[in-house]
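Should a chain be cited, it is by its letter among A, B, C, D and E, assigned in written order, with residues numbered from 1 in that chain.
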């Protein structure tokens, strides 16, 4: 980071910036932009963000308040592009507002898994010995527990709500992060450049922060990106089971679950929220996949 | 030396078509080898030695690789025109290959027996029992003690040197006429390297096959080869008898190579290093590829790519220094 | 000449553990098993031996990158093998290391500048001084200062090795342990790096421990050479003396195994049978007896000690070589 | 919009073969069918689709309708309801007498009745069953209807002779005979109970029209015809109950022909069901009420009657009932009109947002109020779409400046928190047990039942006048006098408006139209032996 | 080998103990009273207290847990609060139902996934590769509950090809021997039954298989690509082996190792993933049952069933580890 700070202090150096940015991440970005699939993924994610931010502008109706029972189950029309649901609410508007929730799910759930998992995995990997043993046994136990049941139980404990579903999905994701981080830390720890930092008298904390962790980031970031997709799916699954978002919340899983009764008579009610979930998850998967390829050390040379 | 060459490579070009450009890995290689002869190919890493060998075997992955030009004549027949099936019956049978890294060149999940029997049965119509007997015979030949009981072992249960012996036994299983050894000793320790080189020499004497020995170690070349081809950036730069090459190296790259290695016999104060880096094969300099690193480079060298010529009988060089006046010596 | 470093009976045994819940030690890899030697100021000591014989472990144990199991490492008269914490860190200014793998030994997330600055930063060199020094060192190792904002993956192996060397030089060390610094490089590049190292040694008055398995390189660069076999030093001596007059059968075999780049030379190789035994279960007596063509009964039972074998500075550990008394140190 | 033109009802051909009932949907099946020959009148298995599995097949131990629906086929009670009303008629007892003080009931039993295990039915068996039910708290309904186990309503049960049983009650109880007709009081074979011990619950033996064959948990229960049944023998040879949890899926199964009759239809599917060829819709007479209770006990706006009335006025029940898709009738009283004692003279509140606002303003809430509405996620018989209903109420009350926050809990939690009175408003409902008004009004709105923590009265409505009326009706034996009291009580309740009564549903059942003789009963569990295939 | 298995089994004990503690404490942390769940709308205070006492809910947690373990040691999985039936009874047909579905899905996922992965790798960048990898990416992105609904809509409602729910059509009799109907129908040579069971398995099986199939395909492809670049494959080619031998023996056997690990893990996810699939396809299995039991706080059912699932999961992992050793001789089991 220091290099960047230097750079900001001294704006004259900015001329050299392009050189600097030919870093690993810079390379990765250009590689992602070159790959068709990950570019599509990136576009979907950007679209999702734009839709979420501009939801009040984009949505033709209010997702909860507008609509009345009289207009229920209207098929797609000029007025309601994607039709209306069981309470006569505009499905398009609900999907648009649902984008906000999806982002929230992605950020919170993956955030929890990321922070807790990285911490546990990092500690286990870096300290080793019995600490490693204890942490990894706990992780083993969590892994032996069917994840969706773990999430369900957690929601049952915490109470049914979207937030709790996100927390549950996040906790369920912890073992994966912990394992990845641990194994990466273990392998990085043994790398010669870490040894050479030690041989140069660099202090332990700095070794961890500057030498070990930054080099663990690639697989973690990839995992995080891919996890966003999974988290959205899992949260939607919980909502579908009635354990996630509640009531009138325009969450896509809830929309699916609520619309399910009309499967035969008004299939659009479940078709579009399902497509929305699919598209967003696909976006994150495509992007994560591209990111993985772009950051693959074997491709670096 | 009056024999017909068993294998002749003519003007071979193998290119890799990658996203970032065309890699001209082999760019006009020609040589020949006679039965019973050992031909050395030396050159730096990335100079195209392995790709040359793989092209002969037609093992280049397509895409991205492609043999774009040239002929590979084995007993007068162009291998590049053979069908895949015909080629398979030649590989491992009449021409076989030993690779650099014995640690990774054997399939870790199969026993040595399976890997050997499989090869024998691919090319010979024999029963499994006969194939096993043959395998034992081969392992004996390469000097693996208590061969029969070791057949059931997996590769990881052997040491590096033994694995390389197994590789050689595998390559020999169908009495090949040409054995291509791609840096067979580079990954090994000197004492083990000595064992393997000794073994190869002995086997050649006993079985009389032609060996193409790829290496970057001039020492190995001097010890085992009859003739040598020096490669640089995908092109042959010098080709002659081994004594001739060591006594009268012609190409400046060969000179550099020779003075780069520290010699025990006469300790130099300072090594004559070749300056600079090998060129990027996607973007070769104009003219002679070696010119940018060549101490003797003339202006012309940066413009004209010299031809590979037999300036002296049985001694080919690719260098402008010899195009007009032949008198330059070391 | 004075001894800058003296290693006495250095041992490093890696425990072999079994059991996942309650691991217990069931054996040890005796990677380094009683190594003693000394290095004089300003000289280059070559350390050769086959793969896995414990060369790197010795180097790391000297630096205390791995804690030695036993023995003393006396640097400038002080045993540094038990240094810990800040004391050990301070020592880093004096002894540095260069690694074999130019790809793995540079942090891929740091620019060249940061990499070279890292040791100075650790010892609190002011920024200005750091920058000057970086430019200077880059120049010294033959790189340009415009390289300093680049990342390691943008360099070739030889260039990376130069960066590694520059980093090792930042703290003005006295002793540099070079762990096979050229074996991953191509011959033509190898020569460049060797030349560079020789130049630097003169310029900065450095002492090198030069680990390699290439006997010709060691011959070229070293003043004295120690030959290792299975965690022990079997022979050590002045380079010319040792190469011209190897006493230990292993050294002899090693030397005769080097292919000489001279087609006219047709000699009898002394080819050793078999492979290096496992360091977790080394042979009793002389560890070399299993491969030694001259092994006798005593070799199987008694462990030979290093003893003077010629009037020069030349010792070997072999029962079959006569001790020569009256040499010097 | 519906593709389910399934089943071949117009196939009078009789080529029945037991192995051939596999997949009736093959009509739609591109014709690659060689197994769909048998259909129509030859069919002898009735497959009944439902949403959940039975818990146990011992009716005395369960409270869930799913269990009882099955056991009702296996067991008989002493008396039973008429096919089309809650009037009581003879069953295992052919006749009964009450003593003048109303405490002694003497039953004459039917002779020649055999349990499925071959033992014959006698007075001792009745005594055995009733004594068994007093022995443990596990016999939930017994405890609930007769109040406790040792010190309950029934003092003793005696066998006078082989075919005469005498019940002695502690006090006169008007609904007693109605109660005895309830499915949990089916008489089981004592031999079988002794024989199977702990496993009796999965090896039920009664005297009913069907015998138990097998039970695959979570999937199906198979019964077969009891050829020794004392009454009309069953019209089909086999009766299978299948569990298909999702309403939509179950309806599809019906359309595709793999079930014959089903309970629990998504309201959306009613129209397709009615219009589909080959299907018929049955409506179960209503004996329930779905309502929104307003917590009168909680400090705040709802303690004020005007606010509660305003809420009644602000909800457009005509629209709301649309959510029931024709499956229910709008409610104005806490009990269904099918019961005697229903007060039809009451004038419903009607939809008048302005008036509601005025009332709110009068109550001092002119600026509007914020309240919670607790709801459950899963459909109940009296409220097929609780979530949507809640959301619709939310939409409507917004017009009157009442902001509703919906709180959804799973079923068990919903019961708990509402019984604890944590809600402002809550959706709930009640299905009658025995067809007596007491079973609605006393249970749901008497102050006796407004105890925090175990409230049946989750409006926590406490009106002494109502209490007195309901109490005196309990000990009054004459029905017409009782009816008067109940009507009076309904008036008071209407004025106090502790509830927003929503609907009385007539839960639909859909069957193939070759089913004949099926009459759904208000209690929710009728015997199916009257069914035949046309 | 036997030694190893025994050691592994011993090592499972702490993990399973951990799972049981975790389950126990979690289910007891769920707010709400099982007694109330059981009594429903008709609950009154007295009945509640009595029932709690009867169920042992007033005992200290440690006593309750000890009792659970004690019973477990005697092979007693407890008695469901809700149905009052022994848990083992409840699981008797549900567990095989879920396992059958899971195995069926796994079989689909493995066959299709591995085959698609191998072909894609061998024909890298071909239309097949592009198609199947797009398919795989779709597969990991699709919400299976949605896919399930769509499949029902299409294949059951619109086309009427496949049954929408259940394991068996009514009236089809299969003698329950193992409760794995597919197996039972084969054992009893009941071919029409077999066809019926198969039809029922198809949609839920495919829905459940989607994600693992996609993951296996992606994994197999990348693993194959990596292996195909290995020296020993070059050796095999240089020996003149036929291509199918090179691909399906030399490459696949090596490439299968990471795939195997994934399969082992996916099996666990499938067992859990069955919750959604079973809900949609009305599959009378364990998944939906546990879900309902959690919500109803049916402690004994949840505790025992989750433990059973965990046992299956760890056993599957043990088996994959043993298979791993079987395939890869370099792995030493000691």
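Here, a residue touches a chain if its C-beta (ideal position, glycine included) is under 8 Å from a C-beta of that chain, and two chains touch if they have at least 3 such contacts.
What you see is a predicted model, and the numbers here were worked out from it, not measured in a lab.
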Inset, instruction - Trace the shortest sequence of touching chains from chain B to chain C and report its length in steps. - result: 1
Inset, instruction - Could you tell me which chain lies farthest from chain C when each chain's centre is the average position of its Cα atoms? - result: D
Inset, instruction - Sort the chain pairs by how many C-beta pairs are in contact and tell me the top one. - result: D-E
Inset, instruction - Look at all chain centres (mean of CA atoms) and spot the one farthest from the centre of chain B. - result: D
Legend entry - Cα-centroid distance, chain C relative to chain D, in whole angstrom: 89
Inset, instruction - Averaged over CA atoms, how far is the centre of chain C from the centre of chain E? Could you give it in whole Å? - result: 55
Legend entry - Rounded Å distance, chain A centre to chain C centre (Cα mean): 48
Legend entry - Separation of mean Cα positions, chain E and chain D [Å, integer]: 37
Inset, instruction - Among the residues of chain A, pick out those that touch two or more other chains and give their numbers. - result: 260, 263-264
Legend entry - Multi-chain contact sites of chain D, meaning residues that touch two or more partners: 246, 252, 410
Legend entry - In chain C, residues with contacts to at least two other chains: none
Inset, instruction - Give every residue of chain B touching chain C within the complex, in rising order. - result: 44-45, 159-162, 189-195, 197-198, 216-223, 242-243, 246, 256-265, 267-268, 270-275, 277-278
Legend entry - In the complex, chain A residues that touch chain C: 2-3, 16, 19-20, 22-24, 191-203, 206, 210-211, 214-215, 297, 300-301
Inset, instruction - Could you pull out which chain C residues touch chain B in their complex? - result: 50-51, 156, 158, 186-192, 194-195, 198, 213, 215-217, 219-221, 240, 243, 253-265, 269, 271-272, 275-276
Inset, instruction - Mind listing the chain A positions that touch chain D in their complex? - result: 65, 67-70, 73, 86-87, 160, 242, 246-248, 258, 260-266
Legend entry - Footprint of chain D on chain E - complex, ascending: 31-33, 36-37, 39-45, 47-48, 50-51, 54, 82-85, 89-90, 92-94, 97, 152, 156-161, 163-172, 176, 192, 196, 199, 279-282, 284-285, 288-289, 295-297
